[in-house]
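Each in C-alpha cells, the structures are laid out below.
Heads up, the next two complexes both have subunit A, just with different partners, subunit B and then subunit C.
Coming up: the complex of A and B.
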C-alpha cells in the first residue's frame, strides 16, 4: 500500500471524555502507528480552533486521511467532513471514532479500561480510514410541482402557500368537496371565528389561483421515484375516467382525521338514548341555529362529557387536544341561547393550553357552567330518568373534587368524541412510504426538530394526520411544510449524499430479492435489462440489500467489506 | 348511593350574597392560605365544591363556614375571583336560615324589604305600647324616679321578658344546628363526656374570639372584640343596673364610666365598619349584603339614641329625654327581637357553638376505627 499521511485528533470534550479517558496516552500510542503523521489532543475539536487545527495540518503536513476520536458521528461527522473539505481533501477520507457516547459516558467508573477501549476504537478508525475512497455527492433535478393530499384546512393552506410562490400544485381530495372536517363545524374556539368564514376565504383563493389544480373524488393510486422526481398516479372515483399521471418534486400529506365512534362506549347509550349526541351532531344543530332535544323541546339540563374515546386505556391513550376548548364553547353557546339551562361539564383534566384558552375557560365558568371531574379510566353512566325525575336522563359519576358519588339531571348529552387516525391511513402510509406510530398517526422525521418532514425525503406531513391538533397548529404545519418545499425548489437541484448502495450489473442475477427488502423503496427493477438498480436519491445506505444479495452484487459505498474488515482488525490489533 | 344534586341551590345562594362561586376551579389556594383550615375542616374549598354541585344536605351538615372569621386572605389569593371569603359569609347566612325553625330568617335574607317592614311594625308596636304605658302611668316631663314616664322598674321587667324569649328562640335554633351538623351523623356525634370536656370552649370563644386573632388581619379581630365587649358591657349595665343607669340627674361614675366607655367603643367600631363598608377599605368589607347594612344602621341608631337620651336627661330637659328614650326603645326592641334570632346577630350563638362542636367532631373522628378514617381521608384527598 502506498505511503499515507494520517492525522489523528483526540478530543477531550471539556471533561466529558478527558475525565474518564486518558487522551494524551492515546495520542502517544497512535503516534507510533505507521503512516500516522500527526497525533494531537485538544479540549474541543469541534470548536473553531479545533477545526482550524485540522485544516492547517492538512495543508501544512499534506495529510491525506483524517481521524477524529470524539463524540458520536451523528453529532459532528458533518462538521469534520466540512473541515476536511476546507483543508482540501475529499470529505469522505475521514473517519470518526466515538469515544464519548460509546466509551467515556458509559465506562466512567474505570479509567484504565475506558482508555484501552478508546484506544482500540481509535485504532479501528485509523485502520478503516486507510481503505477510504474519495466519493462525490450526486445531484438531481428538482421538479417544482407539488402534490398535496387532502383538501382540509392544512392541505388547502399548503397548496395556496406553494402556488402563491409561483409553483404548480395538484390538490387531491378524496371526497366531493373542499374543507375537510372543518367544514362540519360552526364556530371555532377560543375566539369564536366562524369555521365557514375561515374556509370560505381559503376556498375562494384556491379557485382564483391558476396554478392549483383541484382533483375532487380522487385518490393517490401509486407513487414512485424520489425527491424532486416523483411520479404519482391519481385515480378518479369514477371508474370510467382515466387515471392521471403527474410528475411532482414533493408531496404534502394532509389527509386529516376521523372522529371516534361513540357507539363503542356502551355506558353512554349512544344510539339507544335519543338525546345522547356527538359533538359533530351538536355542531350541526348549532349551524341550524336551534338547540333542541329529539322531542323538539329546549333542554333545561345539558351535560357535556369530555374525553370520549380519548385518554383511556381501552380506546386511545392520547389526548385529542381540541375537545376541551370545543366543550367550553358549547357551554357558552348553550348558556347564550338558553340562559336558564343548567350546563354541566364532565371532564378528566381541563386542557386549556394555548393562546386565549385560559381566558376562555374562565369565561365558561363565569357563565355558570358546573364543572365536574371524573377519573381517568372511569366513566360516567347515563340512564333514562323515571317519570318523577323532572328530566330525561340521569348521569351518575364519582366526582373527584368532592369525593362524592352524585347524580345529575340531563335532557341533552353531548359526547366530545376524540380524533383518531383514518381507516385509510395505513394505505396512504404505504403508498408514500412513511411510517405510522402505534395509534396510526404519521411519524415525523424528528418530533421536535423536524416535525413536518418524514423519513422519506420529499414527503411532508401536516395537520391532523400527524396527531390531533387545532386549526392554528394545522395551519402552521401546512405553512412549515410548504416552506420546506419552497426551500428545496429554490435550490433548483438536490444534492444526494455520496454514501449509497450500488448494484454491479454484471453480477446481478435479477432475482429481485433486494426490491422487496428495501425499506425506502429505493431499488427499481429494470424490465428491459432484467437487472435491479438503486435510486441513489432514495437510498439511505442502511445496507439491507448489501447483506441480502445472494450474488454479492451490491456494494455499499463507504461501507465496503474491505473497510469493515479493516475496522474490525483495527479493534483487535 | 349517589346523591342527587340540587341544580337550583347555587342560584338560591345568590340571594344570600354568593355570586362568583362558579368561577372556582379548585386550585386549593384558598385552603392553603387559610390559617384555620386543616384536614378535618377543609374550607373554603370543600364548602365551595358542595355549593357548586348543589349538595344541600352536605352543606347543612358541615361546620366549616362558622370556623371562618373572614379575614379575606382566601379572596385576595384567589386566581379566579371566586370570592371564597364572601361565599363562606353567604353560607353562614344560608345556614342561619336553615337552623331557624320559623322560616323568618329565610324571608329576611331573601328580601330586605320584608326585614325593614318587620322592623317598622315591631318599632311601631313597641313605641305605641310604651307610649300608652307612659301616658297612663307617668308624666312625660319626668325621666327618672317612681313617677317617671318610662320607669326603670317596668323597663327592667320588659327587658328580662324579652331576653327570655330571645334565649328560647336562639336555643331552639342552636339545638337544630347541633342536630344537623353533629347529632344526626354517627361519625361526628361523639361520646357524652366530650360535651362536658369541651364545655369551656363556649365562653372562651364567646368572649375572646381567639381564633379570629390567628387570622392574617389582627386589626379586624381587635375591632370586632372591642365592638363585642362594648356591647356586652352595655348589656350587663342594662340588664342588671338599669335603675342606677337611669337615675339622675347626677352622674354615678361607678356605673356611668362603664357606660361612657362602652358607648365610645360602640360608636368608634360601628363608625369604622360603616366607613369601611362604604369605602370598601378591606377585602371582607368589599361585599355588603342588605342584612349587613340593616344591622349596622340599627346598631348605630340604637347607640346614638341611647347616648342622646342620657345627654338630654343630664342637661335637664325631661320631656326631650323621654322622647329620645321612646325612640331608643322603638329601635332596640326590633333590633334585638329580629336580629338576634333571625339575622346577622345570631352568630353570637352559632359561632362559639361551632368551635365547641368542631372539637367534638375531632374527638369523634379520632375514635373511629383506623381503617374507616383512612378511607375517609382518602376520599377527601381525592
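Coming up: the complex of A and C.
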C-alpha cells in the first residue's frame, strides 16, 4: 500500500472524555504508528478552532486521511466530514472513534481500562481509514409535493406552511374531520383562547388554499422510494373507492396521541361511579355551557385528580405536560360558573413551567382552590357516599403536606387523563420506517439538535406523536418540519449519500440471490449480460446483499469487507 | 489482576449502536470488555467477520440488531437471525463454546438493556476463560 499521511485528533470534550481517558497518552502511542503524520489532542475538536486545526493540518502537512477520536459519529461525523472537505480532501477519507458515549461515559470509574479501550478504538479507526476510498454523492430530483399524515393542529399547520410557500400538499386524515384532539377541547390554558377559534382559523385557511388536497377517512397504506422521490399509496375507508397513488418528496408525520383509558385504574371507579368523568368529558360539558352532575344538579363539591395514568410505574412513567395547567383552568372555570362550589385539586407535583403558567397557577390559588398533595406511589380512593353524607362521593387521600389521612366530599370528580401513543403508532412507524421509543412515541434523529427529523431522510415528525406537548410546541414543531422541507425543496436537487452497494460484474455469477434479498428492489438483473446490478439511488446501503453474495461480488461502499476486517484487527491489536 | 475478556460487538447503526450511545448519555456503566464495530444493518454481518474476530483473539463476539419487526431496513434482522444458527453450527464444529458468540436485539431506547447484555456476556465469557481457538483459523477465513 502506498504511503499515507494520517492525522489523528483526540478530543478531550472538556472533561467529558479527559476525565476518564488519558488523551495525551493515546496521542503519544498512535504517533508511533507508521503513516501517522500528526497526532494531537484538543479541548473541543468540534469547536471552530478544533476544526481549523484539522483544516490547517490537511493543507499544511498534506494529510490524506483524518481520524477523530471523540463523541459518537452519530453526533459529529458530519461536522468532521465537512472539515475534511473544507481542507480539500474527500469527506469519506475520514473515520471517527467513539470514545465518549461508548467509552469514557460508560467506564467512568476505570481510567486505566477506559484509556486502553479508547486506544484500541482509535487504532481501529486508523486501520480502517487506510482502506477508505473517496466517494462522491449522487444527485436526484426533489419532488416538491409533501404528504402530511394527521390533520390535528400540527398537521394542519405544517400543511399550511408548505402550501403557502407555493408547494402542493396532500393532507391525509384517518377520521372524518379536521382538528384532531384539539377539536374536543373548550378553552386552552393559560391564556384561555377558545380551541374552536384556534382551529377555525386553520381550517378556513386550509379550505382557501388551493394547493392543499384534503383526504378524510383515509390512511397511508404503503410508502416506497427515498427522499425526494417517495410513492405513497393512500387507502380510503370506503373499500369500493380506489386507492390513491401520490408522488411526494417528503412526509410529515403528525398523527397525534390518544388519551389514557381511565377505567384501567380501578380505584377511581371510572365507568362505575356516574359522576367520575375524564377531562375530555368535562371539556364536552364546558362546550355545552353547563356544569352538571349526571342527575342534572350543579355540583357543590368538585374534585380534580392529576396524573391519571401519568408519572406512575404501573402505567406511564412520563409526565403528560398539559394536564396540570388544564386542571387549573377547570378550577377557575368551575369557580367562575358556580362561585359557591368547593373545588379541590389533588396533585402529585404542580408542573407550571412555560410562559404564563406560573401566573396561571397563582390565579387558581386566588380563586380559593383547595390544593391537596398526594404521593407519587399512592392513589386517592373514591367511594360512593352514604345517604347521610350530603354529597355523592367521598375521596380518601393521604395528604402529604399535612401528613394526615383526610376525606373530602365530591359531587363531581374530574380525572386528568394523560397522553399515550396511539394504538396504530407501531403500524405508522413501520410504514414510514421510523423508530419508536419505549413508550411508543416516535423518535427524533437527535433529541436536541434535530428534533423534527427522523433517522429516515425525508420523514419528519411533529406534535404529540413525538411526545406529550402543548399547542404552542406542536405548532412550533410543525413549522420547523415545514421549514426543513422548504429548505430541501429550495435546493431543487437532493444529494444522495455516496454510500451504496455495487456489483463487480466480473465476479457476479448471475445467481440472482441478491435480487430477492434486497428489501428495496434496488437490484436488477440484466438478462443479456446475465449479471445483477444495483440501482444506486434506490439502494439504502444496508449491506444485506454484500454479506449474502456467495461470489463476494458485491461491494458495500464505505463498509467494505477490507474496511471491517481492518477494524476488527485494530480493536484487537 | 482479574482476567478481562475482549469482546467484539457488531452493532447495527439504527437501533443497537444508538442504544449503546444512549447507555453512554445516560451514564450507565458496564465492563470495558466490549469493542464496538458499527455496521448499517445486522444483515451486513458476514459470518466470516465473526470467525475473523475469534481468530484474531476475541474471547467473544456479540451481534446486536433491531428487534424483530423493527428493522430500519424492514427485514434485515430476520436475515441475520436466519444466518445465525448456521454460523453457530459451524463454530461448534471448530470447538467454539456456545456462549462465546451471541446474537440479540437492542433498540435505540434500550441503553440499559445494552449495558445489561454486555455485563452478562462479559461474566459468561470471563467464566469460560480466554479463547483457545487456533490462530490458523485466520488463514481459512481470509482465503475467501
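Rule of thumb we're sticking to: the second predicted complex is superposed on the first by the 379 of 573 C-alpha atoms of A that agree within 3 Å, B and C clash if a C-alpha of one lies under 4 Å from a C-alpha of the other, contacts with A are read in each partner's own complex, and residues count from 1 in each chain.
Throughout what follows, contacts are C-beta pairs under 8 Å (C-beta built on N, C-alpha and C of every residue); 3 or more make two chains touch, one makes a residue touch a chain.
Since the structure is predicted, the reported quantities are computational estimates derived from the model, not experimental observations.
Contacts of A:371 after superposition: subunit B is touched, whereas subunit C is not reached.
In the superposition on chain A, A:49 contacts neither subunit B nor subunit C.
Once chain A of one complex is fitted onto chain A of the other, the partner contacts of A:350 are limited to subunit B, with no touch recorded for subunit C.
In the superposed pair of complexes, A:403 makes contact with subunit B only, with no contact to subunit C.
Residue contacts after overlaying the shared chain place A:274 against neither subunit B nor subunit C. Between subunit B and subunit C, more residues of subunit A are touched by C.
Once the two complexes are overlaid on chain A, none of the subunit A residues touched by subunit B in the first is touched by subunit C in the second.
Listing the residues of subunit A that touch subunit C in their complex gives 72-74, 98, 100-103, 105-110, 113-114, 116-117, 120-121, 124, 430, 433, 435-438, 443, 455-456, 517, 519-520, 540-544, 546-548, 552, 556, 559, 561, 564-565, 567-569, 571-572.
Those residues of subunit A lying in contact with subunit B across their complex are 301, 342, 350, 361-362, 365-372, 396, 399-409.
Looking at the complex, you find that subunit C touches subunit A at residues 4, 6, 8, 13-15, 17-18, 20-21, 23-25, 27-32, 35-41, 43-49, 52-53, 56-58, 69-70, 72-76, 79, 83, 107-110, 115, 142, 144. Of all the residues in subunit B, the ones that touch subunit A in their complex are 1-5, 7, 10, 22-26, 46, 49-50, 52-55, 58, 80, 379-382.
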